[in-house]
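A, B, C and D label the chains in the order they appear, each numbered from 1.
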Amino acid sequence: MLKFVRKRAVASLISLVGLLVMVFFLSRLTGDPAALFLPVEASAEMKAQFRELHGLNDPMLVQFGRYVGDVVTGDFGESLRKARPALDVVLEAFTWTLWLAVITMTLVAGAAIVVGSLAAFRAGGFFDRLSSLISLVGASVPDFWIAIVAIVVFSVNLAWLPTSGTGSLLHWILPISVLFIRPFGIIVQVVRGSMIGALSSAYVKTARAKGVKSGPIIFVHALRNAMLPVITVIGDQAASLLNGAVIVETIFGFPGVGKLMIDSILQRDFNVVLAAILVTALAIFLMNLLIDLAYALLDPRIRH
Amino acid sequence: MADHLLEVRDLSVEFHTAVGVVKAVRNISYHLDRGETLAILGESGSGKSVSSSAIMNLIDMPPGRISSGEILLDGVDLLPMPAQERRKVNGRRIAMIFQDPLSHLNPVYTVGWQIREALTTHGTDAAKAASEALRLLTRVGIPDPERSLDKYPHEFSGGQRQRVMIAMALALRPDLLIADEPTTALDVTVQAEVLALLEELQRETGMAVLIITHDLGVVAEIADRVVVMEKGVLVEAGTVREVYKNPQHPYTKKLIAAAPGKGEMHVPAARAEPVLSVRDVRKRYGSFEALKGLSFDLMPGETMAVVGESGSGKSTLARILLRLDEPDSGSALWKGRDLFTMSPTELYKLRRDLQMVFQDPTQSLNPRMTVYQLISEAWVIHSDILPKAKWRERVADLLVQVGLGPEHMGRYPHQFSGGQRQRIAIARALALEPQLIICDEAVSALDVSVQAQVIALLDRLRKEMGIAFIFIAHDLPVVRDFADHVMVMQKGNIVELGTVREVFDAPQQDYTRALLAAGLDPDPDVQAAHRAARLQRAS
Amino acid sequence: MTLQTADTVVTEEPRFATRMFRMLLADKFALCAAIFLLFVLIIAIIGPTWLGDLATKQNLRGRNAVPFDWERGWVWWMGADALGRPLLARIIVATQNTLMVAAGAVALSATVGTFLGLVAGFSSPRVNQIIMRLADVIMSFPSLLIAVIVLYILGSSILNLMLVLAITRIPVYLRTTRAEVLEIRERMFVQAARVMGASSKRILFRHILPVVLPTLTTLATLDFAYVMLAESALSFLGIGIQPPEITWGLMISQGRQYLTNAWWLSFWPGLAIILTTMSLNLLSNWLRIALDPVQRWRLEMKGRKNG
Amino acid sequence: GSGPIKIVLAEEADLLEPCMATRSNIGRVIMQNVSETLTELDVRSDKGVMPRLAEKWEQNEDSSWRFHLRKGVKFSDGTTFDAKDVKHSFDRIMSDKNTCESRRYFGGITVTPTVVDDYTIDFKADPVQPILPLLMSLVTIVPEETPLEFVREPVGTGPYKLTNWTPGQQIVLTSRDDYWGAKPEVTEATYLFRADPSVRAAMVQTGEADLSPSISQLDATNPATDFSYLDSETVYLRIDHNIEPLNDVRVRRALNVAIDRQAFLGTLVPESALLATAIVPPPTLGWNPDVKVFPYDPEGAKKLLEEAKADGVKVDTPITIIARSANFPNVTEIMEAIQAQLEEVGFKVELKFVEVAEHEQYYSKPFKQGRGPQIVAAMHDNSKGDPSFSMFFKYATEGTQSGFSDPKVDDLIKRASAAVGDERAKLWSELIAYVHDDVVADVLLFHMVGFSRVSERLEFKPTMATNGTLQLSEIKIK
């Protein structure tokens, strides 16, 4: 187990470095930040000076060497736009994103597993049809629809909730609800599919022969066997939340890492992009590690 | 007639399939009283499992359908009962031991958990359930029960899993126990213990037992009455003695006549160059040593029977010889070349020559393939064996040889009975025309008439094509009829190795002797005598 | 015992296609879905040549015309967009591009992802480690960044867009497949196949893949929606498909600002996406059952009852 | 009354650096609120450059400018404001230790500040700068102690000081008791940031904010709270004259008359937007009322094209219009409509939408080698009241966004920049007419309007400057 984690950590570190190298060079191919930072009327000298000041005039390899040197000492550089350490900017935003992702995914996973399982239990029944309809619409509706409509209904017309922002607990309700919908739809479907198979297995018969109630049969006997694809997909959805829920952050004014990343990419604020990718990648690597451990935890047959 | 514990009246069950309606059970009726043991004998695929599943309400409906009949438990019809109440009956009042323990145990929970669940479901508190589970595992003879509680089903041997099932079924001391082939995977000594356990419980609690088996010895040992089924129909009923001594129906007669263990024992030819030469094979699972250095030789066309305690490493040996598990050390020379060091490409060529029939037929058949696809896959893989045009014909041929029909070709594994699946697995192994077949309890789920037919087939192949067999079995009479050499295993060791005659007539080791002594005789009278003697010895 | 002759009422097994067709008839939802998809497919093929001109004809005076105006021609029934172009015609014309991008991206990512997943689950720990870490990398590479980079360097085209979207979706398939393979390869029938000498390829594709496939199809159908919407987000940021090309996603993103004033601009393309996803999903759920021998009775029984 | 207010903006200020205050997202928060300038341009009435931290100014003999500074002014850190601060502020902008944006207004000019006494400072410019007092309205004053590098906590002399800044969430300005001028009614301003226009509108509606200077035209439906204002942005198509067929003036004229500008008003462009005849909006010095919008004349366009074609101009070459997605509201639709109108008269037009960084590469020099005929759709902002901030960049041979080179244009720009008073206005007018009518330099489209939503409890009318400056002291509370 420890050995497994250590091996994994080494491999992850290598791929993390690879990722950063890739992003470093690729992102620098996408244009000159000077042109974006300075107004279009800025003179060529000003642009040159900007590049000089931020070391963008040096050959790419020199820049890379310097970056690596700094990173090794824990310095991820300054944000071009914000004139403050890129890592600080990212960590600030990531905290919000992390909370949003964790809360949302917890709710989603719980709800989707229950709904999907029940739907599978009576596949083809009314509940199944209804939940399929809802989940599919949820999975394919543009999220800004829901966001804007939710604001119009709950904030403007009913005045129950604030439109946007981050102050109180109430502020979290709309963003989380909007984020909830799509992963919920997807996971319900995956759970349902996987559970249909599990529920027709022989061991479910055994449980029925033991007189076990439907509840435990679904949620204890079948579910755990059906969980492998489910947690994989939960992981995938969580990863996309960790990478930032751009729409929700934009509309609800949530200062998360998604919008930060887009803005930094569009503005070619490389240091922030790199730091953001580093932080989210770390989170995602860690999550994948947890998922892989969960596989083994869920199914003793795949423990090595 | 409300005084019967269980009464099945006019029960019919049918299944819908793509190719039409299968009438699995047709208008059968029988009854069972408290403390009584009723054996259902019958051809494999005759509807034994289905009819007993109907009692437990475990038939998938649809595609199954109970088209007529009623099932009365203490005079109350179980069929129209609402699910809520059924649950109180299942497990507590009626318990079931399934035919196919591997697939019927939940792979992701420890066996301890699964046994405890049977108890807690019906209201036992957790602490009590825990101690009870330990007691039950001990009772069914699982070695190291305390540690075993925390093991998962795949970590057990076939026989051990079956005992776990038994423990689970007995947990709540039900009024009625339905035991579907409860001892197919048990060696005779353990089988005797388990049967004794059933009897003891019967004495203590007045439990009634409905036992489905094809082993006439088991019937003779514990049953009071027998019903015989064939092709979904109940063809004969009566006390054990009546039916054995004076069978009425031709099928019953055939069945009794087919009881193994009466033929000539083989005399193996003089030993020449062995095809397979196994030296000092060892295997451990964690700290547990499953194989402790086995060595033996196998001649071409020879049958090596492997008998021995459940959990002694028989299946492990088979798996290792086929490189499904890697051994820790040792060598196995196949025609002079070491199986254990072969590269995948070399192995591929060899696969053709080495085949296996698995202990657990359900799991070893891909549920998404039809019988035709399952069998013909061999020729897809090794394309030089048979031209495609002939496949259909050959599959039909093989099916008939193992006692199935060509009409089964389009069906899927789940649509067959346990014994039928085993026969499909045998047919599949034969399709490759290998030189060595490892049969892991390959005939244990077959009724004696089919068993005899299959054994005869294997024997013919052995003679005609020089196929060698490693024949893992616990059914001593079958071994006696079929084997050239017998290898007796216990706790990962070979305790005795010799020709059939040597082993059966002059066993050297205590364990072998105990094994032989524990064998059951199909004749109820003989068995009654054995029993009396045994009881006397015990007291 | 006269009954002894045959224990089954055997009818000749119908051909695969007929059987599938019958099972499709048995599931009304799936049947509707199939018909709808067929319809969409036909539209995708003939749409651009059929209504191409109508869909681009602007009329600023008739901008944002309301839907359900039965007086005008049928192409106006869904109303008009901000340039007065009939929405229905635009949706029809956009079908081709939309399906090309979505189907292309989903098919590509599903194929590559599944293949890598099978390999990772079945080969040596080293290969597994390499593939899985690669998946980690892709997974943590924000899709938008990939999009900006690829489209910036290679230029924006339908093919590149498809490529970008495909890359970002690979890890789901990969990880799902691998997780399932880990479990399935321990099953006895896989070992039985090995004993028969089946090559890894055969075991993976003939024995393991069919078990994983239903889950993957479910994922893929849902990804269809995902891809169409992601493409819309990219358009909005100026790195996706851009006018005058049209896709449903682009229509949604163009209608975005009118959501509270002229809802129909983004509603209809959104509905098209929802219906397509839903149909695909219904069909995949049907397929899951139709291809699973243990579940198939659900459809076969119904067919009988109905027929 | 008085009290705190909340303002919701579209874009967060990523930096509150005074010398970057000419950037609109930063300026809107700190310009004249926290950081003040020596002079200030009056945009509400027609008073031109007004005193702020400088009480008065005059031109010296040697044509340098002398500014007399206000006394008794204190920075928010308590230090006193004097001429050294002004010099430092200016030097800081010119320093190469940072990339202050305001420096761009001094491109090509060398300015030397000399402290005369504590409250008098001279600026000597080479070449002579007649509009130096106007330029000084762009130089924010920081205390002498301010480091040359960017700071995150602006210190200024303005009526407010920064009291809270939670990046991503809010910026709070609180009014200062020791401010030199009149005490504003707004005691505290909280700035919030929402990228979505309909959310901004909703926030004012629900009372979560009091003021949103920019909402979408579509949301501006409530006459009691929603106002439109000319926002100094001009949308135009920059033509690259270097490539055939755009090097032919008939073709450029055809482009101009082929577009039905009027049809956009009230449809894709707000009703109240103005059709442009110059790159600068009307109140700018020298704006020429005699220049007339090109008439919509598709037949004329066709004829022009035919003429050109007859002279061997390859008018069939596909022309690419490059636009930036989300550059301004409805940009895609407007460009699609323009494309349709151009194709109507026989142009072959391709549309290309790009993101901001790529757009910049097409818009500014150096242009790519081997390019085809290109037109870049862009939006230009000049709220400074003088065309010099636009003309050089957009039309001079050396201008970074200029698509042509014309000696007369160069000459006019040079002369106008050096001129003062009416002469200056006249020269600019002449240039505007020449560029529009004779050179047909580009396709000028609209002077855009913005929409703001102001809570009914406030009294505030946004102006052309609101884009870059939002003076809290101008907001009154009812």
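We take it that a contact is a pair of C-beta atoms (placed from the backbone, for glycine too) under 8 Å apart; a residue touches a chain by one contact, two chains touch by 3 or more.
Heads up on the chains, UniProt names are A, C = ABC transporter permease; B = ABC transporter ATP-binding protein.
Not measured: the values here are computed from a predicted model.
Counting steps between touching chains, the shortest path from chain A to chain C takes 1.
One inter-chain figure worth recording: chain B and chain C are separated by 46 Å, centre to centre, where each centre is the mean of the chain's CA atoms. Measuring from the averaged C-alpha position of chain A to that of chain B gives a distance of 50 Å.
Rounded to a whole number, the gap between the C-alpha centres of chain B and chain D is 88 angstrom. Rounded to a whole number, the gap between the C-alpha centres of chain C and chain D is 47 angstrom.
Looking at chain D, one finds that residues 198, 355-358 touch two or more other chains.
In chain B, the residues that touch at least two other chains are 60, 154. For chain A, residues that reach two or more other chains under the stated contact definition are 30-31, 148, 152, 200, 266, 299, 301. Taken together, the chains touch in the following pairs: A-B, A-C, A-D, B-C, C-D.
Interface residues of chain A, counted against chain B in their complex, comprise 200-203, 205-214, 216, 221, 224-225, 298-301. Contact residues on chain A toward chain D in their complex (touch as defined above): 30-32, 35-44, 46, 49-50, 53, 79, 81-84, 89, 92-93, 96, 148, 151-152, 155-156, 159, 162-166, 250-253, 255, 259-260, 266-268. Of all the residues in chain C, the ones that touch chain A in their complex are 29, 129, 132-134, 136-137, 139-145, 148-149, 152-153, 171-172, 175-176, 179-180, 182-183, 186, 214-215, 218-219, 222, 225-226, 228-229, 232-233, 237, 252, 256, 259-260, 266, 270, 273-274, 276-278, 281-282, 285, 288-289, 292, 294-295, 298. Every residue of chain D that touches chain A in the complex is listed here, in rising order: 14-15, 17, 23, 96-99, 101, 103-104, 107-108, 149-150, 152, 167-169, 192-196, 198-199, 202-203, 205-206, 208, 355-358, 360-361, 363-364, 389, 393, 400-401. Of all the residues in chain A, the ones that touch chain C in their complex are 7, 11-12, 14-15, 18-19, 22-23, 26-27, 29-31, 123-124, 129, 132-133, 136-137, 139-145, 148-149, 152, 182, 185-186, 189-190, 193-194, 196-197, 200, 228-229, 231-233, 235-236, 239-240, 243-244, 246-247, 258, 261-262, 265-266, 273, 276-277, 280-281, 283-285, 288, 291, 295, 299, 301-302.
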